[in-house]
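In the two complexes that follow, subunit A is the common piece, with subunit B as its partner first and subunit C second.
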Partner chain A sequence: MKIRLENIVKRFRDNTAVDHFSAEIESGELVTLLGPSGCGKSTMLNMLSGILYPTEGKIYFDEDDVTFVSSEKRGIGLVFQNYALYPHMTVLENICFPLEIKKVPKAERIEKAKKMAELVHVDTMLNRKPGQLSGGQQQRVAIARALVKEPRLLLLDEPLSNLDARLRIEMREEIRRIQLETGVTTIFVTHDQEEAMSISDHIILMKLGVLQQFDKPQYLYDQPANCFVADFLGNPPINKVEAVVKNGKVILADGSDSGVRLEGHDDQKVWLSFRSESVLYEPDSQLKATAIMTSVMGKEKITAFDLAGKEVRGYFDSSLDFERGQEVGIGFKKTGVFVFDYESGERYL
Partner chain B sequence: MIKRPFFERIKPLLYLLPFIISVVIFTLYPIVNVIRMSFLEGYKYLTGAYTGVGLENYQKVFADPYFRQALGNTFKYVLCVVPISTAIAVVLANLLNQKIKFQAFFQTAYFLPMVTSSLAVGLAWRFMFNDKIGILNYILGLIGLEPVNWLGQSSGNFMAVVVFGIWSILPNTIILLLSGLQNIDPMYYTAAKVDGAKTLRIFFRITVPLLAPTIMLVIIINSINTFKMYHELFPLFSGPGVAYNLFTVVYYIYYEFRVLTPPKYGLASAAAVMLLITVFGFTMLQRAVQAWARRERGEDGKDKKRK
Partner chain C sequence: MAKTRSVNNEEAQVNKEPFSFGRLLMYVVLIIGAVIMIFPFYWMITGAFKSKIEVNLMPPTLFPQNPLNFENFIYAFQTAPFGKYFVNSLLALIGCITTCSFTTILAAFAFSRLRFPGRELIFSLLLSLMMVPYEMIIITNYRTIVQWGLHDKIWALILPFMSSIFYTYILKGFFDSVPDSLYQAAKVDGCSDWKYLWRVMVPMAKSSLATIILLNSIATWNSFLWPMIATNSKDVRTLPFGLYAFMTEGGQRNERMMAAATIVVLPMIIIFLFARKYIISGMSRGGIKG
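Right, the complex of A and B next:
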């Protein structure tokens, strides 16, 4: 099912949680709403589920205007952060419950629930209570319960935040597998950029209720729309140094020339941002950085430098060895290097 | 291990002493004394003299038709008041827990019996129960029913005391249930509503099962309290009903101890011990049920390993 969001605004008293949000989500895709806490992603999800209604704007599911349609009439499946499995019901009863409400005959709903349990791999524990399941198993049951009524849209609200690190990776792959197998349009809310990058078809990155960028994960990483997007994505985080543009040259705070060229923004204060993998070792370079420390990561190593008073990191081949305090000449690749306006974060390069 | 000085070791006990003393004097001693008195024959309270030790008091109590009647009345009363009041309280607590208009008004109205003197209110009920001028019979008349002789000698006066009893324990019950309801995570309701569940289904399939532990607690507390039923009789009848037809166990104890001359301390004590055993047994039963309910929900984690 295709979703169209037109100029959605949500205000709580004088606080604007979502501000003029427009997006179109293609049928069968897994789209992640990503952003730091307080960015309005959960509010957006609640408006999609019908738990909240927008102050302004329209929500369309295919051609139907569902802006003010109540949750139960939207045909959505919702997975809660804490799963919200009914503790007094068995796994089977939990999965059956949405069908029970729809007054599906008992034999049929058990059959459907069992099929769903098989899909999410909980078919061996149908008679257990949620209290007897691990976090990951509860998560699977919650997804089965959301999917059993064959919703047009599956909504997941921070579904992995209660799991430990290993299980989180396993479950995000499981969510992707289940989503691909069922082909259901899915919206996934998270604050974890790694999670979002790994499973989404598209990511919507939000900040303070405003959509920052809506793109494929790789594109978001390679071509950030602004400084916030660049800062938010990537691990290790993108390196940022203050700089000034002089005669088309990006000059760092200590007066050294970064080697990056930018036309048309002379005398403007900017951020020079670059990914760690875009740092090159150039012994003859004018640009010098002082090595602080090196961590070995296996086939490569990551070295922290002092560059014009800021700490920056770069990946190097493990054959290279930098002493602490050594002056190293560095340069940048063509990709993964950006210049943003110092105040507005607008991207210039 | 280094031995701590003597004072350091007894310091915790000193802090506990006031509490221990009060428990010993005001709780343990009376219980032990009542149990002791129940086995003493021909006991004189003032002189402490007795003629023998044995089960005579218990034999006498069980042979006493008044005691049997009192026991029967008490059980009947508990079996009427506890289930009905619990059911009403669950519904009312659920309504009070919703976002409704005049919520403050309704909450005050339902909690009012708790802050009023049960004697004063009982007298008001006495007027309401009056078979000639009472409002209850007036209402019955309006809907075309025969007036009931609530307080006269009939089954009516049992009903009257049950109605009054239910009314008196509702506030406490509602408060306990409300706190239980507030412990239910609202996400369960949201989840059910998103799936399209209506109010009644949510109430019976989600609220009541999740409230079950609190309901159990309420049933235990109310059972214990209603087993001890006694003071409700005074404002309504100035005594145990009409011609002792509403004798309860506690009233029997009071009667043997205070009203009879000379008082039969032994009988009263034996009856008190019987009541103690009944209430204790009831509590144990409820606890067993609660433990079973917890196991059912898999909360003790014992069968986590089960494949």
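Right, the complex of A and C next:
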């Protein structure tokens, strides 16, 4: 099902949680709402689920205006951060419950629930209570319960944040597999950029209630719309040094020429941001950085440098060896290097 | 000693706790407490099987000489209409518990989950009513009962106790502890408030409800003041009046008194034994994961 959000505004008293938010989500896609806490992503999800109604704007599911339609009439499945399983019911009863409310005959709902349990791999523990399951298993049951009534839209609210690191990776792959197998349009809320990058068709990145960028994960990484997007995505985080544009050259704080060229923004203060993998070793380069320390990562190593008073990191071939305090000539690749306005974060390059 | 204990602390807890004076003292105090609590019950029950001579024996016998001596029970049943009283007590008990539990569940849910204007104010007002002493309410209750023509009827024993602010308060506390997401999950699936209450909240509150029902049972079963005021005839009076009768009509025959008291107390002990499992699990309950 296609979802269209038109100029959504949500205010709580004086506080604007979501500000003029517009987006179109294609049918069958997994879209992640990503952002730091307090960015309005959960508020957005609650408006999609009908738990909250927007102050302004419209929500369309396909061609239907569902802005003020109550939750149960929207045909959505919802998975909560704390799973929200009914502790007194068995796994099977939990999965059956949405169908029980819909008054589906008992034999049919058990059949459907069992099929769904198979899909999420909990079919061997149907008679257990949620308290007897691990976090990952509880999450699987919660997903099965959300999917059993065949919703048009599946909403997941930080579903992995209560799991440990290893289970998180396993479950996010499971969520993607289940989503691809059922083909259900899915909106996934998270604050973890790695999680978002790894499973989404598209990512919506939000900050303080405002949509920053809505793109494919790789595009978001390669072509950030502004400084915030560049800062938010990527591990290790993007390197960022203060600079000034002079005669089309980006000059660092210590007066050295970065070698990056930018037309039309002379005398403006900017951020020069570059990905760690965009740093090149150029012995003859005018731009010098002082090695601080090196961590070996296997096939490559990551070295921290002092560049014009800021600590930056670069990936290098493991055959290269820099000693602490050594002056190293560096340069940049064509990709993964950006210039942003110092104040507004607007992207110039 | 102290050093090795701190090192092996975890092992020590899993394996046998080493002997310590503190633990011994703890057990001694607990055993003394248990004896103080249990002995009167034991004395009452064994006393009911003793003869007139034996019960006054010095030094007293700890165990009745003839444990199959049911004479006192037979006498007790002949003296006071225990059968009739028992039925009345049971009717009052069932009436109070079913109606009170029902209203308590509904009120607790409304105050905990539903949003309506003045909710907090109304609840505070209800709570403040708990400060009015029972003796004051008795007068107004009595007038109401008389005006409605229910004086000396079994309904007089039930009607004033069909709701309870205190039990509502306890149950609301439990309902408040249930995460909102459970309610939202059910709502998204199209579950009505009514169905959510009975299918999710009430089964989850089983142990709280068991506690409430037990407290309510004991209160109803033991109540004396209100039944004495609201009823006159033997036809509607309850078990505690059976004991009362022994003090006035039957004289102070301790062994008979004990037999009568055993008859009165026994049903409550049975109810407690059944509900015990839930009460303990209600107290040790950890809450919901997440």
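Everything below uses one rule, namely that the second predicted complex is superposed on the first by the 349 of 349 C-alpha atoms of A that agree within 3 Å, B and C clash if a C-alpha of one lies under 4 Å from a C-alpha of the other, contacts with A are read in each partner's own complex, and residues count from 1 in each chain.
Simple rule for what comes next: a contact is a pair of C-beta atoms (placed from the backbone, for glycine too) under 8 Å apart; a residue touches a chain by one contact, two chains touch by 3 or more.
Remember, it's a predicted structure, so these values are computed and weren't measured experimentally.
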Clash-or-fit label for the pair subunit B, subunit C on subunit A: clash
Which superposed partner A:Q132 touches (first subunit B, second subunit C, both, neither): first
Partner chain in contact with A:N162 - subunit B first, subunit C second, else both or neither: second
Which superposed partner A:P87 touches (first subunit B, second subunit C, both, neither): both
Partner chain in contact with A:I76 - subunit B first, subunit C second, else both or neither: both
Touching partner for A:I101 - first (subunit B), second (subunit C), both, neither: both
First, second, both or neither for A:G325, with subunit B first and subunit C second: neither
Touching partner for A:G255 - first (subunit B), second (subunit C), both, neither: neither
Subunit B versus subunit C as contact partner of A:G264, first or second or both or neither: neither
4-12, 22-30 or 274-282: stretch of subunit C that collides with subunit B: 274-282
Set of subunit A residues, in rising order, touched by both subunit B and subunit C: 49-51, 71-73, 76, 78, 80, 82, 84, 86-89, 97-98, 101-102, 130-131, 149
Subunit C residues within the subunit A interface of the complex: 179, 181-182, 184-191, 195, 199-200, 203-204, 206, 288-290
Interfacial residue positions of subunit A with respect to subunit B in the complex: 49-51, 71-73, 76, 78, 80, 82, 84, 86-89, 97-98, 101-102, 124, 128-132, 149
Touching residues (chain side subunit B, partner subunit A) in the complex: 185, 187-188, 190-197, 201, 205-206, 209-210, 212, 296-299, 301, 303-304, 306-307
Of all residues in subunit A, those that touch subunit C in their complex: 49-51, 71-73, 76-78, 80-84, 86-89, 97-98, 101-102, 130-131, 135, 138, 145, 149, 162
